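Structures for review follow.
You will see subunit A twice below: alongside subunit B first, and alongside subunit C after that.
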Partner chain A sequence: MNSFPFSIAELALSSQYVLPLLILLGAGLLLMLLDAFGAAKFLPWVAGAAFLLSAGVAWTQGAPAGRLAFFGMMETGGIAPIVHAFLCLSGLLTLFFLSDYLDRHDRHISDVYALLVFAVLGMSLMANAHDLIMTFIGLETMSMCLYIFAALFKTELKSNEAGLKYFLLGSFASAFLLYGIALIYGITGTTNFSLLASPERIEIIQSQQTVFYVGAGMLLVGLLFKVSAFPFHFWTPDVYEGTPTPLAGFMATGSKMATFVALGTLMHQLDMFQNTKLLSVVGLASLLTMIYGNIVASRQQNIKRMLAYSSIAHSGYVLLGLCASQSGMEAMLFYMFIYTLMNIGAFGMLGMVEHDYPDTELENWRGMGQKAPLFAVAFSLFLFSLAGIPPLAGFMGKYEIFIAVIREGLLLPAIVGILASIVGVYYYLRVIVVMFFSKSGETSALLPSASRIPLAGAAILVVLVLVLGIFPSLILNPITQALSGLSQATAVLP
Partner chain B sequence: MPFLLYTGISAYVPLFLLIIAGIGLGFLLANLSVILGPSRPGIKKGLTYESGMDPVGTGHERFSVKFYLVAMLFILFDIEVVFMYPWAVQFRQLTQEFGMFPFWEMITFVLILFVGYIYMYKKGGLRWA
Partner chain C sequence: MVSLESLIVLLPLLGAVIIGLGGLANAAFRKQEGLIGWLASAMVLIPFGIVLTRFFGYQNMPLSFSLFSWMQAGGLDISFSYKLDDLSLPMMLVVTGVGALIHIYSIGYMHKDPGFYKFFAYLNLFIFAMSNLIMADNLVVMFLGWEGVGLCSYLLIGFWYTDMIKAEAAQKAFIVNRIGDFAMLVAMFLIYQMFGTLDFSLINAEAANPVAEAAGNRYFWITLLVFVAATGKSAQIPLFTWLPDAMAGPTPVSALIHAATMVTAGIYLIVRLNPLFLASPEVLMVIVVIAALTSVMAALTAIAQNDIKKVLAYSTVSQLGFMFMALGAGAFTTAIFHVITHAFFKACLFLGSGSVIHAMEHAHAAEDPQDIRTMGNLGKDMKSTSLTFWISTLAIAGIPGLAGFFSKDEILSSLFFNGFENQVYFAVWAVGLFTAILTAFYMTRLAWLTFNGKARYKTGAHIHESAPLMTIPLWILAVLAVLGGYIGLPYLIGHGEFHLFNHWLGDLVVNRDLHHALEEHAVFEYLLLALAFIVSIGTVLFARNLYSKHDLAADDKVKGFFGKFYGVMAGKFFWDELYDTILVRPFAWIGSKLLRPFESDGVDGIVTGAGSAVAGIGEVFRRLQSGLVSNYMVLISGGVLLVLTYLIFG
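Take a look at the complex of A and B:
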């Protein structure tokens, strides 16, 4: 039973394939050393350069699907390079807002840059894994960094609460995932995606359905937790609330994108689209997530909590897209890319105003439109985009998702999703109303940061959200191209 | 593939039997000593076992986070050695087959951990104050 024999040549080739990951690893170690020897000033720039270089190498390195590295452990062709580039981008965009936020809070925590690089490394490992063990290692690498992000301001109560909650619940979910992997390994004798989809394994799975369903269900629990889907969403608002705001934006985008790609790949490899039992579990979770996220978000009085609940709702849309087979994968990647832009924008700009925790209360934002008009307009643009109002990118993302779902014949879930997203419009617009149409005389005591770097980041994101709303094919075409090689799973499960 | 004969959950029946036997034996021996052994309780015997020290204060005392740091560092280097042992045992054989590659592989692994060590040292992880 050795489908991937060991050889030095293969190892050397693999090292070339994973060059973008090695760049990140090297950069992370370099950041640690620079930090240790007191060169904290250059850290954001080094991290940014590493993200750019790694994304660039990955983007130019595109290859047909099925180019496996390290004896079938990693996928480095197909969508892998594009996913890697997207994840690097989410790290890079976070950097724009991060150092200014930390400076204004007078917490010069320079370790965070190395952690950000390692978090992206873990995300990429998980998203592009071709083996369940690799999925787990990637997920843990990512989660360890996110736990620290949640508890970054260690003297603050909120941050402590966030860190502890995320750590305890996250480890619990990881245990579920690991147990699911163990059960699947128990019946099939392999953790490799290709081998799991081979006819012999399919036969075994068919004869051991109970164990398989328990195992696959536990895998789903572990992954759905990370994307904060409905029954496993409880940690999300509290954790995002206590996490430094730009990093909360990073947690809501990068880690979710990586988990969605891992989930989508797994669903393809286990051919869940023929296996309606597991697919309907994902579908049901997505419906409940959309409804719950949107309704609860509309009751929030704090913008940060509102954005946290809205990120639950957005997970619901993406999960629904995942139920729509191949075209769903495409819509999911496109949506997550758009979501990365607008959500990092929204969280980042929220962080630009925040000096103290109550600064994110909706009440305190009255009259922001008069006081800082340009800032308020840009922030509104991200909210409009999150709400899915046309000519903005968020609309194209939602359009792609729902059209993929409708083409697959899932009409009812699509209708529920569209109705739920209409509820979403209410709470995004409420923030805009508070900012622009409050009674005269009421002006916000808050003033956004005037630092240049976060302003530049916000400007770049505004341009991207506008341009991609009008020319979505700029991103959609490369995704379609990369996905065209995605191998259909070989056989049909029970 | 003959390997497939041993897959499936039925292959794990001996393991389950072993687990049951293990738990059963544990219970049996623990209870046997209670049933068969002499019982002469005293104040000294009833005390919490603290490696021969007199137990003083509560069990819920606060202690320095540095202890965790030391524990974590121990685990880190412990695991490093766990990987090095089999490598060292097989080293001669590996070099015959793959040349100097196994050597550089381990050097890379140790270097990555060494960066972590430098980081910890410079950040004051070993400074007790």
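Take a look at the complex of A and C:
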């Protein structure tokens, strides 16, 4: 891109814009160093502080959309800061449950903290990219960390299987993504979003429809794989099952949020993606994903696998929201934020007891309501929220999505979505029934013997899920504000 | 922000939170039955007091209040805003009034139950949700209450969850209600699409607009879906099956939730949206037919049941059918009138049955404390229970002068007079009359076999009347069951001049105008009244004589009368079996057969099988060789091909 003058001033300005990312980068390196110097005890705290600092800086850095950094490679205004903050939050919440989980399984793997920070960095790069190359780099940075997470317990068969499977299938999907980018570059000569939106490029695309469709289709597939949309979801249950539980929760939230934002940015910022055919591919994938995820989830006997299929179903709802232009983007971000809270909560709490109850089979949770009532109540709240029962936050999320879809006039898909989510209630409820309505002999404690940090994390999440159900505007308003300047994004170029 | 009215909503919530958290956190608190019980009752009594003052000080100006703005998105502003108006005031009186009585009754009934605190926390939570449902100013807050009452009902049905049958009943109630909720949500979204608002007053104003009326049946789907939602909550065909099973919950719950309040939510909602329904005569026709079928089916079932609570449950379904018949006839105020009188006598009947069950259990008088075949002559030892139960029985049977007579007569006459416009209503009226006869019959049978005749429980068992904490609420409700009907005197007395209730609701709720038919065919009004007199008194006397003469053996005569059909009645018309065949099994089949190939169960199998095997990289590769990963790649490639084919050639 030689149209951009290379100057120190430009670099300095860009660095200032991407300060939140630099904080994460620095923290990641610091974590590796600390680990080498044997300060393993402090790692989770350092990582947590980095997430907090980075999110805080991003949150205060709000700017109208179109503030690009590094020669048009990164978007740092508009929704970028808020998305970055959300992603940091998903990392931070995971930390609450992570070290306790590792301790319980007697695996003191301290690299995991640096990897977590780098994963969030990758997610943020992908979500806020303003160039297809950047999207790809971010996605790969994130994926590398996730592959390692899946295979973290390297002496365990399931973990190994998960890691390798994810790596092989993930690379396969990345190949499609990259090929799609290459084809688009091939016909337009650029990968920059602003340039892709320019009238000349759009003309070129129109004259090269077939190649464009192949490229765009492959690009879509690569992203749909990451959000485990049907029929690209097969890896999801196997991988989540083998991944350490809190990290599986992280995978299902952070990485999906980043991918959804990237997908949404493509679909709503680039005119070439405002195409009925591409939209209907996403819409159809969304419907199939919801139906499939919910039906198969209802047949699982293992809570972790059930949550994995449920995460597939939730991807379906969000994809549906993405079909609904601007207000859909808002609903999507809101939904993913809520989903992050309740899903990390559910996975995290599952991880807290996984060690004492030999595995995550539903059968072993019989009478949990008597053995650990407070725990069971909190877990039920997450499940009710996932099921979309008001007044919990999950209901508000679904409500926003469906109202956005209806406003677009997509009545039938919305009805299918509501119907699918009703099926979904069944399997969340089944866990609650097993916990509360089946007999178990003893009463032990209100809570399982977990250390204070994961308990605090769960408590915070329960409060958030309750409060955001009643005061959703706390999060909705900032999102709306950030989005309100989005439409000008394509116009400004340094 | 906190006006006095907002306490109506907030106090029950506060009670639920304090009792729930206190009980969870502190074992000593759980034992304070008096404190918990009276605290919970106060949290309903105070709102009752506030509603009462607002009711008597009502100036035809709806009292609106708002707690805070819930969400604003895209020009849609949803607030936690409530309205006390012509319709919600009387409903709230019933909910908080009957609710408070049942709270007090439960202090006695739940005595020494290990889940005492939980029970009252749930009850308070229920009142909170129900208040939201009724006072909501917009559909979203209404839906919050709608879901909330469903949740509380679910928690309370499964209250004694040591019993798997109860857990299943709870689950069934919840899932059936979700089907109704689905219809509700779609209806809400359709309303939003059509009116651009979810505010009740704006929707109704728009719908009552004459220009809009001319647009024909454009409300058809909305109203039909609202009705489907109502069939879920208010137990009509096809979604009623959960209500009889819901009797697994503690009896005060059956009285409060499954008789007096929650199950009338569907009726309330339809009345709330009455302009939409008035403009959709086709849907009103659907409602009236479904309601008539439900009503007669449930009444026939009730005759052949022997569980005291099951009889009352089917009776509730049948009476709800009456209310829906009124809706179907466009007589919205009449439906609410019957909601109110029914709340009095049915709550009294349920609480009475609770008193009986309580006594039977304590005396260890029979294997099954709910089976009326092992009761009989309980009236000897339980004077108050027996007397109040009989009063309410006569009220529901429609004996002239008692509450049920007025409201039921009004329903039947509105059906009849609709018949002059559309003959279908004559047929529905006939079914309604037949159901009224059945009602008088099975209720008399129930009361007689329970309280009179020969004692059939174990000899030597000492039956005791319940404590005053339980009998006083019974008496209050029995008095209301006698007097409740006088708020609505029949049309022929002063041409509707003295129908206080219609006047009260008149501004807000518009009935289908039958004025013309009533004046023209005034003679029929006398005939109908006379018929009601004869039928109710005649049937009660007939049933009483039959059962006093033959005692339990009279059931055989009934069996002989109905012949083979009796088996269908005793089998509850086989709805559960039907659903099992057409819904449950096909769904299970889809899950197990059709989707199996996608489920990667194979992986599960291998993983469990290999659990004991030595973990190692070789093992991992062996399993990857099993073709799963390559299978996945083939499937993904297939997906890609489909997508590209569609994009290029589609």
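Rule of thumb we're sticking to: the second predicted complex is superposed on the first by the 468 of 494 C-alpha atoms of A that agree within 3 Å, B and C clash if a C-alpha of one lies under 4 Å from a C-alpha of the other, contacts with A are read in each partner's own complex, and residues count from 1 in each chain.
In the analysis below, a contact is a pair of C-beta atoms (placed from the backbone, for glycine too) under 8 Å apart; a residue touches a chain by one contact, two chains touch by 3 or more.
Since this is a predicted model, take the numbers as computed values, not measurements.
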Partner chain in contact with A:Ala459 - subunit B first, subunit C second, else both or neither: neither
Contacts of A:Ser327 with subunit B and subunit C, given as first, second, both or neither: second
Touched partner set for A:Pro472, first subunit B, second subunit C, both or neither: second
Which of subunit B and subunit C A:Leu374 touches, first, second, both or neither: second
First (subunit B), second (subunit C), both or neither touched by A:Ala182: neither
Touched partner set for A:Arg407, first subunit B, second subunit C, both or neither: second
Which partner reaches more residues of subunit A (counting touched residues only), subunit B or subunit C: C
Touched partner set for A:Leu52, first subunit B, second subunit C, both or neither: neither
Contacts of A:Val296 with subunit B and subunit C, given as first, second, both or neither: second
Subunit A-touching residues of subunit C, taken from the complex the two chains share: 24-25, 68-74, 76, 140, 143-144, 147-148, 151, 158, 161-162, 164, 166-167, 170-171, 174-175, 178-179, 181-182, 185-186, 189-190, 192-193, 590-592, 595, 598-600, 603, 607, 610-611, 613, 615, 617, 619-620, 623-624, 628-629, 632-633, 635-636, 638-640, 643-644, 646-648, 650
Residues of subunit A that touch subunit C when the two form their complex: 155-158, 160-161, 164-165, 168-169, 172-173, 176, 210, 213-214, 216-218, 220-221, 225, 231-232, 234-235, 237-238, 277-278, 281, 292, 295-296, 298-299, 327, 330, 373-374, 377, 389-391, 395-396, 399-400, 402-404, 406-407, 409, 411, 414-415, 418-419, 422, 425-426, 429-430, 433, 436-439, 446, 470-473, 476-477, 480
Partner subunit A, residues of subunit B touching it in the complex: 1, 3-4, 6-9, 12, 98-99, 101, 112, 115-116, 118-119, 121-123
Complex contacts: residues of subunit A adjacent to subunit B: 1, 8, 11, 25, 29, 32-33, 35-37, 186-189, 200, 204, 207-208, 211
